[in-house]
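Below are two complexes that have chain A in common, paired first with chain B and then with chain C.
And then the complex of A and B:
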């Protein structure tokens, strides 16, 4: 499967009369965009605001972050099974508006999390402070149930990303990057001397506000399966996961997964990156057993020499991570696990809720219990009404001057477990 | 109707109301940590842990509610169950030592009950296939 990813670099986003890209500036016709993404019976009104890198703006509570993309050539459309038909994607050509994201924000439940500061010390912790953010705030009708509200906000986010993405279709990209994964037997023939490496991509799948969808399927219901990495770049995996801001994978991360990106960099040179095994993180322990058994079985069946395993979330998924690691190692395949830590404010406590001697190669993306003081910002998109009770906040953490003392777990993407973070060791 | 071959241990009244006729119920009118400790006692008695005690990404010093399912059948002490519950208690106590849950409003408590309930719904859905 071969995908050309055309990147269109955007230096600024402004509201205008027509939605278009001109000289690297994305202009958005706000009324047209609201018209296009609206219409959900559960939503009373939609507002769109812009937030630029370096501005004194705080966006909270953040639900999802999505990069605008469009399918230019090849089967299917972006977000198959969600916005497009279920054609197998990942082939042909896709265009992406780079340096831009749709951010969905707003209250779904009374306890909140997910802060993106566009400047100041908090901005250093989130990769999304470097983007021009088109923030969509959808106001629900009264009495809407949390499930319906989350689903409505999720869909509006994808529609917004697709609305902006479609203008990229006819633009000449500034850069085109080619990603190619051959069928297994062909790649083994092509690179007989390179170690065969796979990526086990664990997806959050536990219930309300904790879900992920693959081609539109609730990933709780899948058994581990194989994807070409380029399918994921076309939106085969999307996030419905709104909890644990620091270590969840927003859709933007699925589209731009750093592990996939880095494995492709080394593909054909140091390693043969043969593909991605997706698996889930269910609540029922027998599901965990089955999924980790199947994951290990697939790794063995593919003849892998090494596997990278990344997890998503806190607590429950630690058990899946260790089960996957242990069972894959028991097949004689080397593993590296990628995670983050809840190691206490001083970093001295046990980091994960599970462990095993076989988990002897671990990449951490930071300690989510570390604390930070976020200074007040001039403008707020969303609400800090709930910041006093934000995940990782303290009673009285919202100070009278508008500054907030929180654990970094409150910051969107701060300790992302695919390594799409700023807190990281990039060498050894 | 599902045979009552498992016990729900919970401090969430929403879960009690929903699963009263389908499961044996052990309602704990106490904290999240107490639910975990009662679960540990059941495991020591030989029951098997069926769901993960740290279900959900909501932190144990954030939500007040916890629901866990154990088998009704008793056997030898299941070491895997014991390891998971002990680690869960250790993790929950670590969080509680850093910060106690805030004094939540009723509306927020209702949200936490709803989330805890949907987490266990997903496990019950899986159990139907056994």
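And then the complex of A and C:
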């Protein structure tokens, strides 16, 4: 499977009369965009605001972050099984608007939406402070149940990203990157001397506001299976969850997964990156056993020499992570696991809820319990009403002067477990 | 500038009193340096000096821990030290445990910085590395020449109030305190690099060494439930409506104690969950799903259990540190015991 990813670099976003890109500036016709993404009976009102890197702006509660993309050539459309038909995507050509994201915000759904500060100390912790954010604030009708609320906001985010993405279709990209993964036997023939590497991509599926979808299927209901990495770049996997902001994978992260990117960097040179095994993180023990058995089975079946396993969320999924690691290592396949830590605010507690001696190669993306003081910002998009009760907040988190003391858990993407960020932790 | 004051602790062997046959000597304190203190003093030069040395037999200390601790703390107090150094103990097990024990006691009671030195496999190192800074030394006194500059360098840093660096930089045994930093490369690249090294059989450093896991053995079964007082304890966050004590939705810093003597059934009207790690809808509609008061009341009526304890203890398990969880349980377990509770049903989510 071969995908050309055309990148169109955007250096500013402004409202305008027509939605278009001109000289690297994205103009948005706000009314047209609201018209296009609105109409959900569960949503009372939609507003759109812009937030730029370096601006004194705080966005909260943030639900999802999505990069605008469009399919230019090849089968299917972006977000298959969700917005487009369920054609198998990942071949041909896709265009992406870089340095831009749709951010969904508005009245909180669960406890676990996050904060994005566009400047100040908090901005260092979120990868999304570096983007021009088109923030969609969708407020639900009164009395709406959380599931319907989550689903409605989720869909509005994808529609917004698709609306912006479609203008990229006829633009000449600034850069085209080619990603190619051959069928297994062909790639082994092509690179007989390179170690065969896979990526075990754990998807958050604890259920009820903690869901991820693959081609429209609730990933709770899948057994581990194989994907070409390029399918994921076309939106085969999307976020539908409200897990702690720091270590959930927003859709933006699925589209731009760092492990896939960095494995491709070495592909054909030092390794043969043969594909992605997706698996879930269900709460029942039988599901955990079955899924980890199957990931190990598939790794062995593919003849892999090494795998990287990434986690999403924490606590309960720590057991899935360790089961995957242990069982894959038991097949004689070398693993590196990518996670984050909950070592307490003082950093003195055990970091994971499970452990095993086989997990001897761990990459950590930081201790989510560490606290930070976020200074007041000039402009607020959304509301800070929920700051005391979101995961990572506590009674008194929001101070009278508008500053916020929270665990970095509350910052969107702060300890992302696909290693999208540079934050890490070490023992002192 | 006046020199900072240091009190040093050594055992009978390093004081030149004798070996195993003298290990039962009681603690004493002498003015100035004795034994290895001389080299430490020289290394700290003009900035600090050892004003007194405590000497205690290893056997005496370990067999009379409380008396020895109390006596030594009294002795040290009079010298008003700015820093306390114990050892180095190298691989001497009982000496290491004594250094760690007295070091922790001094740190706790006198609130001054404390430093020791041990070989990594000294049992005292594992027992006390979390409580005090322990410089990593060789396994015998033959490595004293290396231990002295490492220990005095860290001692001076502590005396100057400078920030202590990483274990590698400041040569101490990692205390297991996790602290964040921004790495050079993003995590995904570090993962790929680590995997390549692991595949090639090259040396790599894991970023999180797996801890020894604290597994709890279950207690023996309750002999006669019909006569037992049963308590309900949960990490599922069930609290009276509106969460009166504001238990956090994640990373709880407290637990709650609430009276259920007036309840046969928990409902949406009177209870809810504060937990932020699971979908709260079903727990809020019927809190008995997490804290089964209704079923326990039935069992009580049927005589299947003696009685349901009048309070329940509750916290939020979501992201809550093991240290906090242990502290909560240690606290309310005392109350449960004092009130004659025979067994506890722990519910999670």
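Side notes on the structure shown:
Assume the second predicted complex is superposed on the first by the 416 of 428 C-alpha atoms of A that agree within 3 Å, B and C clash if a C-alpha of one lies under 4 Å from a C-alpha of the other, contacts with A are read in each partner's own complex, and residues count from 1 in each chain.
In this text, a residue touches a chain if its C-beta (ideal position, glycine included) is under 8 Å from a C-beta of that chain, and two chains touch if they have at least 3 such contacts.
Quick caveat: nothing in here was measured; it's all calculated off a predicted structure.
Superposition of the two structures on chain A shows chain C clashing with chain B. In the superposition on chain A, A:197 makes contact with chain C only, while chain B stays out of contact range.
In the superposed model, C is the one of chain B and chain C that contacts more residues of chain A. In the superposed model, A:342 makes contact with both chain B and chain C.
Shared-chain residue A:129: touches no atom of chain B or chain C.
By the touch criterion stated above, A:295 is placed in contact with neither chain B nor chain C. Of the two partner chains, both chain B and chain C are touched by A:209. By the document's definition of touching, neither partner reaches A:280: not chain B, not chain C. Look at A:315: by the touch rule set out above, it reaches both chain B and chain C.
With both structures placed on the common chain, the touch criterion links A:369 to chain B and to chain C. Shared-chain residue A:104: touches no atom of chain B or chain C.
Across the superposed pair, chain B and chain C both touch chain A at residues 110-111, 146-147, 206-210, 244, 314-316, 342, 344-345, 349-350, 354-355, 369, 388-389, 391-392, 394-395, 409. Residues of chain A touching chain C in their complex: 110-112, 124, 145-147, 195, 197, 206-210, 244, 257-259, 261-263, 265-266, 270-271, 305-308, 310, 314-316, 334-336, 338-339, 341-352, 354-357, 359-370, 388-395, 407-409, 416-428.
Against chain A, the residues of chain B that register as touching in their complex are 49-52, 54-60, 62-63, 83-84, 87-88, 90-91, 94-95, 98-99, 102-105, 107-108, 110-112, 114-115, 118-123, 125-127, 130. Taken in their complex, chain C has these residues touching chain A: 130, 164, 166-167, 174-192, 194-196, 198-199, 204, 206-211, 213-214, 246, 248-251, 253, 276-281, 317-319, 321-324. Residues 109-111, 146-147, 204-210, 220, 241, 243-244, 247-248, 282-288, 313-316, 318-319, 342, 344-345, 349-350, 353-355, 369, 388-389, 391-392, 394-395, 409 of chain A touch chain B in their complex.
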